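Shared between the two complexes below is chain A, which has chain B as its partner in the first and chain C in the second.
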Partner chain A sequence: MTPNWTVSRLTWRAPVLAAGLCVLATLAAMAQDGSTGRPSALATLITWVPFILKGFGLNLVMSVLAMALATVSGVILGFMQISPVTLIRLPAKLVTNLFRNSPWLVILFAIMFLVPFQITLPGGDKVMVPDWLKATFGFSLPVMANVSEILRGAVASIPSGQWESAESLAFTRGQTLRHIILPQCIRRMLPPWMNWYALLTLMTPMAAILGVNEALGNTQAAMEAAGSRPEFLIPFYLFLMTIFFVVIYPISICTRRLEKRFATGS
Partner chain B sequence: MLDLIAPFFERLYDTTGLNFSPFYNSYDWGRLVEGMWVSVKLITAIIAVSLVIGVIGAGAQTSRLRIIRWMVSAYIEIFRNTPPIVQLLFFYFGLGAITPQVDMGGWYEPAIGSFGWAVIAIGIFGGSYNVEIFRSGIEAVPASTKEAAESLGFSGFKIFVYVTFPLALRICLPALTNNIVSLAKTSSLAYVIAVPEITYSLSGIWSDSVNVPEMMLLLFGYYIVLIAIIARIMTMIERKIALPGYGQ
Partner chain C sequence: MMSPTGNWTVEQPIVALHGVHKSFGSLEVLKGIDIDVMKGEVVCIIGPSGSGKSTLIRTINGLTPVSKGSVKVEGIEVHDAKLDKLALRRKVGIVFQQYNLFPHRTVLQNVMMAPLLVLRENRTEVEERARALLAKVKLKDKENAYPAELSGGQQQRVAIARSLCMRPDVMLFDEVTAALDPETVKEVLVTIRDLAMDGMTCMLVTHEMGFAREISDRVYFTDAGRIVESGPPSQIFETPQDPRTQEFLSKVL
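So, the complex of A and B:
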């Protein structure tokens, strides 16, 4: 099968133009109803943009932190999954499958309700755990499971002849992994890893359900503060979709390019 | 059914404090069953919508008109690169506010309820992945097969229906299984627009009886079983329609 995506040939133009059209259409629609005394929806949106962007900053912070956490724990879990010792391998498989097969929302609920809101440090101090930190932890769990699976898949995709020749050269298992298998795996793991980062970022607005003041929560708060008029809904949500698109789309283009390059390279 | 298991779970609650209220309280039991039923209906509808969109979109991408291909890719990119939860809210609140109201004999109800919007929004979201999946399958069908069909006098549309699509479906089935499983999980997002599916009804139970850990356990169990069933069905289909000597 040739990885020959039509979409990758289009890259920037199509969606950016489409997004631009959406914005233009909204602008046009909004310009018409600005004649009455109250401020138009567009003017209201512009007033609240800094507030929404501040929330979006938290989204990005959450996604980066969660990804870092997920990568570290996922790689450890992935190594446990390929361990020759059954006692290590089975629990790792169980954890991986549990978090891969549960919806994000359910995991998020579980973390939000089951992790205590304050933790007593060894010294006796009580520390409040902010909601967004708990949400970050909740988002990292499904990604952790998938990173673990990516690692397992990448190691399994290396031809077994490489293991055998390394063995015949008297490499130990650890040395084979470190010097022969992993350097090849990283290339294969990078595109799916980036894909999961994009997906993770797209899932972070779910934290709004649990009261975290990120972009979606702030958008809803802004609409309410401005008088919750029904004509706000479309422009505000469209704006929110646009800012996510602007950040995520370059990542997915980059992922696709890398995928293509690695596919032709190997 | 409930009479049979109720004593056990009541004793479990009394002795260990594990409060599985749906298994002895008939009201909570009703909520659980209703939630599971709505969730299964929702998932089925979402998968159906996304498959239809996937096939139509993949067909449209082979169109000779540039504008149609362009529109399909714009659709894919927009829905794949924006948060699904915001899409859902946009559809339900944004578009729901401007859809016409239906006269129900005295009161007015929106033409599309929260269930309908959840199916539409998540179906369209899932469809954007399915288009790509089907398209990669269609592209993998060898050109010589299509030429052979053409030489037998099949028209372009008939080639698609009888030759290309059946082969493409078999090629893309593993990827399709992945997407269907992930859609089944995404269906829990319908919680945010108050569709009474399992996550929503269990959250009602745990806010009434304060038994979050037990209900969480139930919820994890439900999804794991559900996904195992979906995966099993897909493997069965895959085996059933496999062509001997074709594909891997």
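So, the complex of A and C:
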């Protein structure tokens, strides 16, 4: 039951699993390499790797941007949810529950068609809103709602005695939140927050449906450009899964480690 | 603002409750409480569980609003809607059964936080005062520890020091030893006794009958939201008049 044992096991497991997947992708590519006239599936994949990785870069940019947006707006929304003022609290609860309980794809489509493809700046200049930016905005909404809920839940989980003793020491509500409640919330919020980042990153390929040139879109485009041979499917998709895995798996290890530490720490 | 202490003088009660009623929904918990406490007095409130002792003590610093009646601290009505509650709470310190220390801050920081943030006092002065208070509650060597590293009795003494650092005029204690091991109860009681000796006005809810008898100037026995009997400890503990007091004491003594 020592946490150290589990942690070290998880640590070596990650790179080994990742390497294993890569080897598997290579083997699959070679096994299907029957005919001689055409470049093998593996060689084709290698040619297209930079193109797919470029798309993957966009997935990462979208996920980081969407997470930043979701965190800022989600924290604001979460604070509104715990406001003593009904007029602030109720709309915040409505927005939170709406976006928490809607399918991501529906939100994504709605944003795609609701946000105009070009907007007029105050100066009169027109700027194009690229599809990937719209998708980023669409991804940020459900995560925002969940961050809002994480904040509300964390604040609610602080024992009422903390509020009472701060109140008795003449702290204002704002001072209590800032100096007593939130510092205790942050450690509780970090693991679920990281979890949502991982989930968000895994959802970004949905943008391919909307024509964004991210990793999935580029992978499909690459296979098509190379002649759409059926033996491409396994190596290309395995490669795609591997690059996501390499980024996401360490995050989930970290999340689990933090959860464990906080569970035993206090 | 509370600041103009009005025309209150030390000859008048520092805490005065008159006809205090409190209901939670349809449950009437306080049914007309009258208590006067003079500056420097030590008053104990005893009574069976659920009789409303915590509710009573929490009305004095405005944590629980009253339904009817008046609570005055230094002549100022606590439940006046226009009252600056924060100003009141600077005069009245309270210590709870569950200590409620801030777990993310060290002992010294716990003690210093309110004077720094609320009173906006000078850091070096506050630090000096906090250290002196920690020495007084015999926790000088624990100032850099976190609450989780302390025993219950030590945490409770930090909670007392934390309240005192706001320099209150009245201290309220709500069953502060009820959650403690028998061995650590004494160290907390000694702290409170020293405080009372120094002339602090104290109101205690307690189940420690021996301590109540030793320390108080007056004892109030409450039952079902009413004060059944009050008087000097010798009278309450030796010659209780009301049958309910007699029955309660026969169970706990």
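Details
Simple rule for what comes next: the second predicted complex is superposed on the first by the 236 of 266 C-alpha atoms of A that agree within 3 Å, B and C clash if a C-alpha of one lies under 4 Å from a C-alpha of the other, contacts with A are read in each partner's own complex, and residues count from 1 in each chain.
Heads up, the rule we're going with is that contacts are C-beta pairs under 8 Å (C-beta built on N, C-alpha and C of every residue); 3 or more make two chains touch, one makes a residue touch a chain.
These numbers come from a predicted model, not from an experiment.
Of the two partner chains, chain C is the only one touched by A:Pro183; chain B is not. Looking at the shared chain after the overlay, A:Gly78 reaches neither chain B nor chain C.
In the superposition on chain A, A:Glu164 makes contact with chain C only, while chain B stays out of contact range. Counting the residues of chain A that each partner touches, chain B and chain C differ, and the larger count belongs to B. With both structures placed on the common chain, the touch criterion links A:Thr172 to chain C but leaves chain B unconnected.
Looking at the shared chain after the overlay, A:Pro230 reaches chain B, while chain C stays out of its contact range. Contact with chain B, but none with chain C, is seen for A:Leu216 once the two complexes are overlaid on the shared chain. On the chain C side of its complex with chain A, the touching residues are 61, 63, 85-87, 89-90, 92-94, 96, 98, 100-104, 113-114, 117-118, 148, 159, 162-163, 166. In the complex of the two chains, the chain A residues touching chain B come out as 1-7, 10, 14-15, 17-19, 97-98, 101-106, 109-110, 113-114, 198, 202-206, 208-209, 216, 230, 233-234, 237-238, 240-241, 244-245, 248-249, 252.
The part of chain B that touches chain A in the complex is made up of residues 61, 69-70, 73-74, 76-78, 80-87, 89-90, 93-95, 97-98, 132, 135-136, 139-140, 171, 181, 185-189, 191-192, 199, 203, 206, 212-213, 216, 219-220, 223-224, 227-228. Interface residues of chain A facing chain C in the complex, by the touch rule stated above, are 159, 161-162, 164-172, 175, 179-180, 183-184, 266.
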